[in-house]
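Chain lettering (A, B, C and D) follows the sequence in which the chains are written, and residue indices restart at 1 in each chain.
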Amino acid sequence: ASLGGAMIAAAAGRAQEAPPGAALEPVPEDPTRVQGQPVLSENGYGSRSQFESEVRWRYPTATAHTSWSMTPLASGHGIVTPSGLHFERHHAGIPTIDPRAHSLILHGMVEEPLRFTMDDLMRLPAVSRMHFIECSGNTLTEWEEPTLRTVQGTHGLTSTSEWTGVKLSTLLEMAGLRDGAAWILAEGADAAVMTRSVPVGKVMDDAILAYAQNGEALRPEQGYPLRLLLPGFEGNMQIKWLRRLEVSDTPYMTREETSKYTDLMPDGRARQFTFVMDAKSVITFPSGAMRLPRPGYYEITGLAWSGRGKVAKVEVSADGGETWEEAALEGPVLDKCHTRFRLPWVWNGEEAVLQSRVTDETGYVQPTLEELVAVRGTDSVYHLNAIQSWRVAGDGEVTNVHA
Amino acid sequence: ASLGGAMIAAAAGRAQEAPPGAALEPVPEDPTRVQGQPVLSENGYGSRSQFESEVRWRYPTATAHTSWSMTPLASGHGIVTPSGLHFERHHAGIPTIDPRAHSLILHGMVEEPLRFTMDDLMRLPAVSRMHFIECSGNTLTEWEEPTLRTVQGTHGLTSTSEWTGVKLSTLLEMAGLRDGAAWILAEGADAAVMTRSVPVGKVMDDAILAYAQNGEALRPEQGYPLRLLLPGFEGNMQIKWLRRLEVSDTPYMTREETSKYTDLMPDGRARQFTFVMDAKSVITFPSGAMRLPRPGYYEITGLAWSGRGKVAKVEVSADGGETWEEAALEGPVLDKCHTRFRLPWVWNGEEAVLQSRVTDETGYVQPTLEELVAVRGTDSVYHLNAIQSWRVAGDGEVTNVHA
Amino acid sequence: DDAQVPRQAAELPQRLEGTGERAPETVPRSSAEEGAEIDPAAFRFGLGRRASGEEIAAVDIDVMPDGHGAPEGGGTFAEGEELYATHCVACHGADLQGVEGTGGVALIGGRGTLDTDAPVKTVESYWPHASTLFDYTQRAMPFNAPGSLTPDEVYAISAYILGRAGILDKGTEMDAATFAEIEMPNADGFYRATRPDTGPGEAPDAD
Amino acid sequence: DDAQVPRQAAELPQRLEGTGERAPETVPRSSAEEGAEIDPAAFRFGLGRRASGEEIAAVDIDVMPDGHGAPEGGGTFAEGEELYATHCVACHGADLQGVEGTGGVALIGGRGTLDTDAPVKTVESYWPHASTLFDYTQRAMPFNAPGSLTPDEVYAISAYILGRAGILDKGTEMDAATFAEIEMPNADGFYRATRPDTGPGEAPDAD
């Protein structure tokens, strides 16, 4: 039944291929007159339609092993990101790890150092939580001038999943923290042996050792078989392929918290440990490189999120920030999770500049780029959470602008 | 990079194949010493790990074109069902439909009959909701005696997704209902041209024409490009591959609401239009055909849901219903949606009978099989929502029992 | 000519000039006429359009219990006997008792079994309306070639099955008018139920 | 011998006798010793076990700013020069300015640029701790063969890079004791920030 990966020769002899993630089936002229594909046609694990082809887009770094790929937010729906489209950031590629050969060592300033197999971890008390993960490098091309053209390019380093795993606090309670314990080094089993230092306070609050994502095992790109989840903190800290946790009184000053993921300020000094992802929102429809076919009704929609808690409000402007209207928030509105907003809009065919602005439950309001640059300058690379502007021209072309 | 579908010859020459839904990559001895797979290694749509192999299981009907396959609930996590593992029920296979060739006709007792392309529908105001869908035939093998051995077999015809689409009430408002309109026929474009009559009240309340599931287009098995969603109603009514809606004053008495999906009672008469899925719960771990390796700590977990609203409480018994303890409900607890429950349990190595019992927000309490059979007899086929019992024997074997 | 080959699969999104990004999906264009009055609050979106009579007729295939929707034409038991032997017998059997392994079930028999421990539900014993037989056969049967029968053929086959079931006189020609007249044996066998059955909130069945 | 071939992929779940269902995944067995005292409320689950000294040593590779964790051994600029030419030059260049197209970035230069419009961040100009160079090289470089260098080699290459950066005297042998002594040019260039910067809830930077 399934011709997965194969090709169908069309009438005139042009070969056709299924998009990534799809299997190719013949398309009957009238589907009511011929039996469809049988139940379990794909051996028990289904795939998407051959008529759907949105894909992650890789930012063109010099090598594909240390690179990132971005979620096609423009074609998203609701708040769950399909696992196959979750953004990626790897510093040494995606390791292929046999879970039976994997273990987690917890040591350092603990009463008793512990070793867990994946089997051990799966037996411990579990939690499931929906959270976004955003790379703090998301939007880094946009500080000085509008650079990328689509919302996938400008904002695609954020995705939301339902994560399941063990609270890291459970493991720390088992091991017993020693006096003075303040930081935990998390280390991956990839070829970058990726490391970050995490404050113990955050870990005891809501850190999760996740082994599942959206109801099944973690995807390899997301750290199979085990990743650290630090809700609301920058993605780089949420170490994938986790193999080791070491407790100490001071941070480790790894390459990823000194050379990288520090924010260079205009005075030449740099902020370090800027963990939290400030509240941010973006309109995903209409968005860059689209073209509105003609004046008429359009539902403006997008995503809002905050590393500090829940989204409280999203406002939308169609005139570049002069006037704002409150958008509807789609429930459930969850802690440190993407929240979808929607606002009906009738486009009259004249130029418009669309913006969204989130307020989170702490009262923090998403800044304009101008406000942000006034504090940070344009060379801090990370944590650009400013209001995004999309210009709709008279002919319907939507472009990325600074407004 | 990806050898999707291909085979790797293992050291001793035994060929190995990736499980369905996975791509096969070489497994390095030490993943920290060799670059992993590059970013975008699967052309932009990722797949699951080659070490994960749970699959849907097809109930062995005579033909695979009218058959069903069941979600492997035992390996699930949280509440989202991976789209590739959502249960299936097709009466004439899965049609392959080009969305550009598909349209929806709304006619009958309306002021103005309307025709929508998929493009039209995608432009209308949208909603996103997380809901379970359960086939009312779920658990049908279990009326008289314990028959299937796993929770996949006994309860696998229920799954949860985040659905996005247009409220059907929006379309009815556009068309204008005529006086006396009471029922709507929904019709699919599959080879069964599947039809069900739906009360207008339900439709105006919360029916959705869904075109997306878990953040991307509907999967073909779930009705691509368009399905009807009737939160809390039996799955069969939630017509897939939807092509037509006709409004009338009386139900249509289709085959699926007379010959099937009616509940034969002991007096020989049958209940018709038993739409709502009563509250139900099941322990997914430990569950049938598992074996507890030895006495010790186990977290009992499972799913609860109600077609009438939210889950209010889940109680768990380890002694066949003599004593009950309240389980923790994992948030968010959503309307007409799977809710995960958890309860720590220390198994002492002696025989135990595990049961779960849900109470929904209307106060309804999941019945015992005895209570249900007292009213329904054992020949009504559909809507078996009784308490499920799993016996844990002294050697750790878990079996399906009536207790 | 490439332009005439319908694609059977989506191509990858185009690469954008300059950045190499993937183009977003094309913004859907409505099938509505241009210049419609738009007022979202009044459910006027300028999206979708009026369905024509032909468009409706092409899909409005249902037949209701009173015969509403039944097509023109007709057929007899005798015609049906031959058609059944051609199109149905392989799966439902010469005696209409079904054929194991095909999924084709028994179509007749089972009267008087519904209140027993082993109820047999067939068109004859269980189905409350004759229209359902016509409607279902027309839309879904024969299983290997659904939608392939003409209205005349479906009338004839229905007459044959109802005849074999002892419900319809073998001499009667079946047509649109027949539906209102036929008395199915189990016509009164159904009632609307109010559930739930058990526990707090219990409600009695409503007849 | 089949039993010795490690599977590189999971097989489909077994079929169960009688029903043909797919077997659920095997219930995980803990690596803990049997008979442990169990008290979930006190976080005693009888799951997992004590990590041995060897198990910890096998993965405890980090080196901290004060040299904590640095391995035994040492290396010189001269040794490092040769090793760099073998293992690093292809991507980071003979002048340590990086090589376009390889992803290998500049390792030296950039002093005095951090407060300009075009800051150049390198080990020399930006990195606050010498330990990070050793730690990172040991864990992640060379990119094409990570983890392949001996401690002596990493010490030598670090001495070479820091020497070329004008940070370490070319005559000094680098070893575990060196980390505490080296003064990185930008050692004082970092501070802990309290955000957010803007809007209600604004908080000033904490130095």
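As a working rule, a residue touches a chain if its C-beta (ideal position, glycine included) is under 8 Å from a C-beta of that chain, and two chains touch if they have at least 3 such contacts.
Treat the numbers as computed from the prediction; the structure is a model and nothing was measured.
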Note: chains that touch subunit A and subunit C both are B
More Cb-Cb contact pairs, comparing B-D against A-D, go to A-D
Between subunit A and subunit B, the Cα-mean centres are separated in Å by 27
Here the gap between subunit B and subunit D, centre to centre from mean Cα coordinates and rounded to Å, is 44
Taking each chain's centre as the mean of its CA atoms, subunit B sits from subunit C at a distance in Å of 24
So subunit D residues touching two or more other chains come to 6, 8, 12, 28-30, 40, 45, 47, 139, 143, 146-147
Listed in rising order, subunit A residues that touch 2 or more other chains are 19-20, 26-27, 32-35, 44, 50-52, 54-55, 57, 63, 65, 75, 92, 98, 123-125, 191, 193, 297, 344
Per the touch criterion, the pairs are A-B, A-C, A-D, B-C, B-D
In their shared complex, subunit C is touched by residues of subunit B numbered 44, 61-63, 65-66, 91-92, 98, 105-107, 112-125, 170, 173-174, 185, 187, 191-193, 195, 243-244, 246, 248, 250, 252-255, 258-259, 262-264, 266-274, 276, 278, 362-367, 371-372, 375-376, 379, 383
The answer for subunit D against subunit A in the complex is residues 6, 8, 12, 28-32, 40, 43-45, 47-52, 55-56, 59-62, 64-65, 100-103, 114-117, 119, 121, 123, 126-129, 131-132, 135-136, 139-140, 143, 146-147, 189-193, 195-201, 205
Per the touch rule above, subunit D residues touching subunit B in the complex are 1-2, 4-13, 16, 18-30, 34, 36, 38, 40, 45-47, 139, 143-148
The residues of subunit B that touch subunit A in their complex are 4-5, 19-21, 25-28, 31-52, 54-58, 63-65, 67-69, 75-86, 88-90, 92-99, 123-128, 130, 162-164, 189-191, 193, 211-212, 214-221, 224-225, 241, 297-299, 301, 330, 332, 334, 340, 342, 344
Within the complex, subunit D is touched by subunit B residues 8, 10-12, 14, 16-20, 22, 24, 26-27, 30, 32-35, 50-55, 57, 60, 72, 74-75, 147-153, 286-294, 296-297, 344, 346, 396
